[in-house]
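Please read the structure below before turning to the comments.
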Amino acid sequence: MTFSLTVRDHLMIAHSLSGDVFGPAQQLHGATYLVDATFRAEELDPHGIVVDIGRAGDALREIVGALTYRNLDDEPDLAGVNTTTERLCQIIGDRLAARVHDGGLGDARLSGIVVTLHESHVAWASYEVSL
Amino acid sequence: MTFSLTVRDHLMIAHSLSGDVFGPAQQLHGATYLVDATFRAEELDPHGIVVDIGRAGDALREIVGALTYRNLDDEPDLAGVNTTTERLCQIIGDRLAARVHDGGLGDARLSGIVVTLHESHVAWASYEVSL
Amino acid sequence: MTFSLTVRDHLMIAHSLSGDVFGPAQQLHGATYLVDATFRAEELDPHGIVVDIGRAGDALREIVGALTYRNLDDEPDLAGVNTTTERLCQIIGDRLAARVHDGGLGDARLSGIVVTLHESHVAWASYEVSL
Amino acid sequence: MTFSLTVRDHLMIAHSLSGDVFGPAQQLHGATYLVDATFRAEELDPHGIVVDIGRAGDALREIVGALTYRNLDDEPDLAGVNTTTERLCQIIGDRLAARVHDGGLGDARLSGIVVTLHESHVAWASYEVSL
Amino acid sequence: MTFSLTVRDHLMIAHSLSGDVFGPAQQLHGATYLVDATFRAEELDPHGIVVDIGRAGDALREIVGALTYRNLDDEPDLAGVNTTTERLCQIIGDRLAARVHDGGLGDARLSGIVVTLHESHVAWASYEVSL
Amino acid sequence: MTFSLTVRDHLMIAHSLSGDVFGPAQQLHGATYLVDATFRAEELDPHGIVVDIGRAGDALREIVGALTYRNLDDEPDLAGVNTTTERLCQIIGDRLAARVHDGGLGDARLSGIVVTLHESHVAWASYEVSL
């Protein structure tokens, strides 16, 4: 028995990718990512929820807000990181996991987080981590 | 190796939620939920299906139909239940599971059910149960 | 030559509808509406936009926020109004038009507004008004 | 009586926008745009179509392909242009209209073109031009 | 001032298309079409609606139901018709218009009908007729 | 920790299904399937990706291209197969898995594949296989 709650937001960034495999995406370009953050729990809390949807949305917005409208090639804490869609899923997912550990999402006993970034109507990537 | 079949329907209800965590949703308001019911099986039956899609859709429609166009605060069998999106997923999922156990979905050897309720374009919840 | 900009939000309300034509929707129930507000202009302003998307989104959120998490049957300014999806489109569209006339959306020379409310994945309504 | 045919593609670009009204979007950032190109005709051709869908899709892909994976701030033919979503709709729409005039979409007697760019799940813009 | 109401259904057919322009679609193949039927009116009726959504949905389902699960190449009343997406929009739209004229959609003073068929996630066609 | 990458394509086929359970779908009819192919990996490769998205998309297009615009009832390698949505998921999934084993998707250490076929806006099926 597993429950989950998902909230959606989006971010818009510029970046370039290193490696011949990326073809024209090695040039500086950009993307809008639809971001879905899923919180999982084996049982509901006494209010009947996985996590407070307001807090979940705020946490996602704050993490996404620290990345949006930026050129990721210039972000000091992403230096040397190839900011592929998969990697951005992990960055956002790990930041959400840290927020859970710090109590920023309340007392919810969460068992996992999944972050999905849709880079277009025909491609998306996902990162799943246990808590 | 896992197969699944999903059918979609929707329901429209009024309700209120108990607990400060719900903020303005403590007031009587309402929601349209897109409801996705997923049936899982480890193998296909001799016809090459997980479950008869007609029966699956009818079962979902009947269960959803017993809830729709209601004020859930007034439903006797939901008395004392905080009808959060997560809880509604569970209610629908457990009713579908009971239907499977009663043979209402045929002889399909189903291994699990997942029910997802989309409460808006930016939030959804899910409940997964093994059979 | 016509340009437009659309912003999306959503609202969740309870209500009942008067008239046999509404069948079970005569009972108190609820709905989530996806709300799309489209602003039209015959030409772009000097910045190359129809209207400031931030202002457009804020105006929509404020108007939608005055309706959401309510039981519309109890709203004094909707007394005697059958709050059908079509009528809610008009209410929101007219409030947006008033906002434009009051200068709340800047100096944009807008020629029209369209409001669409999606009440489910299989039904939506729309209201279009010239400015 | 009006017929239309729409094809969808997408593009990913980096750019920055000039003007205080754009807030943080004045920084170099990026976007994925879903691009919908609609071709209109008052009547169908002898094959029963508005325009050859293959040609329509190829024309859109070629025009979009000349923009994608670029930093629009560095494109010589966009120098001095604020590449807002509305303006990008116009650029793509006018290029499609030129293609129609040059016969690149066959003999179709088209009456208009509409180009819509979705910049996220909550915002899109559109440009409509008569032919 | 224009109001509209849209209902969605779908149909699944086999067919082949005549003419070199269709390439491999000259072979017998098939399609699922998402069908959106939009009803337009200049004003709402006394109940505050464009048309009874139940009647609208039933009319669409009946018209779509007479086409679905068929090989259109074998349908006597479509003999000699190239059943392109555009043409299918017209066929469904004209049948809906006839239904309106026969009073099958009630007393609604409708001003127009639009039928849109989505043939995939990247292509759709539309037919609009005044009443 | 699991990563995934998904690419989307579509196919259009004619077919008929054997067995009373299929009702009118026993007649020759057709369908457009939205096809989502998900590739899973426990860790990212040195470029920070699950698999080269270009190769993934090409592999899916090639496999889907061998099926599209056909009457599946006439395909020799599908003789005797009930081409249900579930079975088509498996056929496509197994062909993708073979491609992975043959090195056609590069050196990626993939752990699983999921193929989902959407047959309409209200029904879809899925097949998941470990690698």
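Lettered A, B, C, D, E and F in written order, each chain numbered from 1.
The working rule: a contact is a pair of C-beta atoms (placed from the backbone, for glycine too) under 8 Å apart; a residue touches a chain by one contact, two chains touch by 3 or more.
It should be emphasised that the depicted structure is a prediction, and the values quoted were computed from it without experimental measurement.
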| item | value |
| --- | --- |
| Required minimum of steps from subunit C to subunit D, each step between chains that touch | 1 |
| Which listed pair, E-F, A-B or B-C, duplicates the contacts of C-D in over half of its pairs | A-B |
| Greatest separation from subunit C - chain, by CA centre | F |
| Between subunit C and subunit A, distance of the C-alpha-averaged centres to the nearest whole Å | 31 |
| Averaged-CA centre spacing for the pair subunit D and subunit A, given as whole angstrom | 30 |
| Separation of subunit B from subunit D, taking each centre as the mean of its C-alpha atoms, in whole Å | 40 |
| Junction residues of subunit B, two or more chains touched | 8, 121-122 |
| Subunit A partner contacts - residues on subunit B that touch it in the complex | 17-19, 21-23, 81-87, 89-90, 121-130 |
| Residue numbers on subunit F that touch subunit E, as the complex places them | 8, 10, 12-15, 24-25, 27-34, 68-71, 119-122 |
| Residues of subunit A that touch subunit B when the two form their complex | 1-9, 38, 44, 47-50, 52-54, 57 |
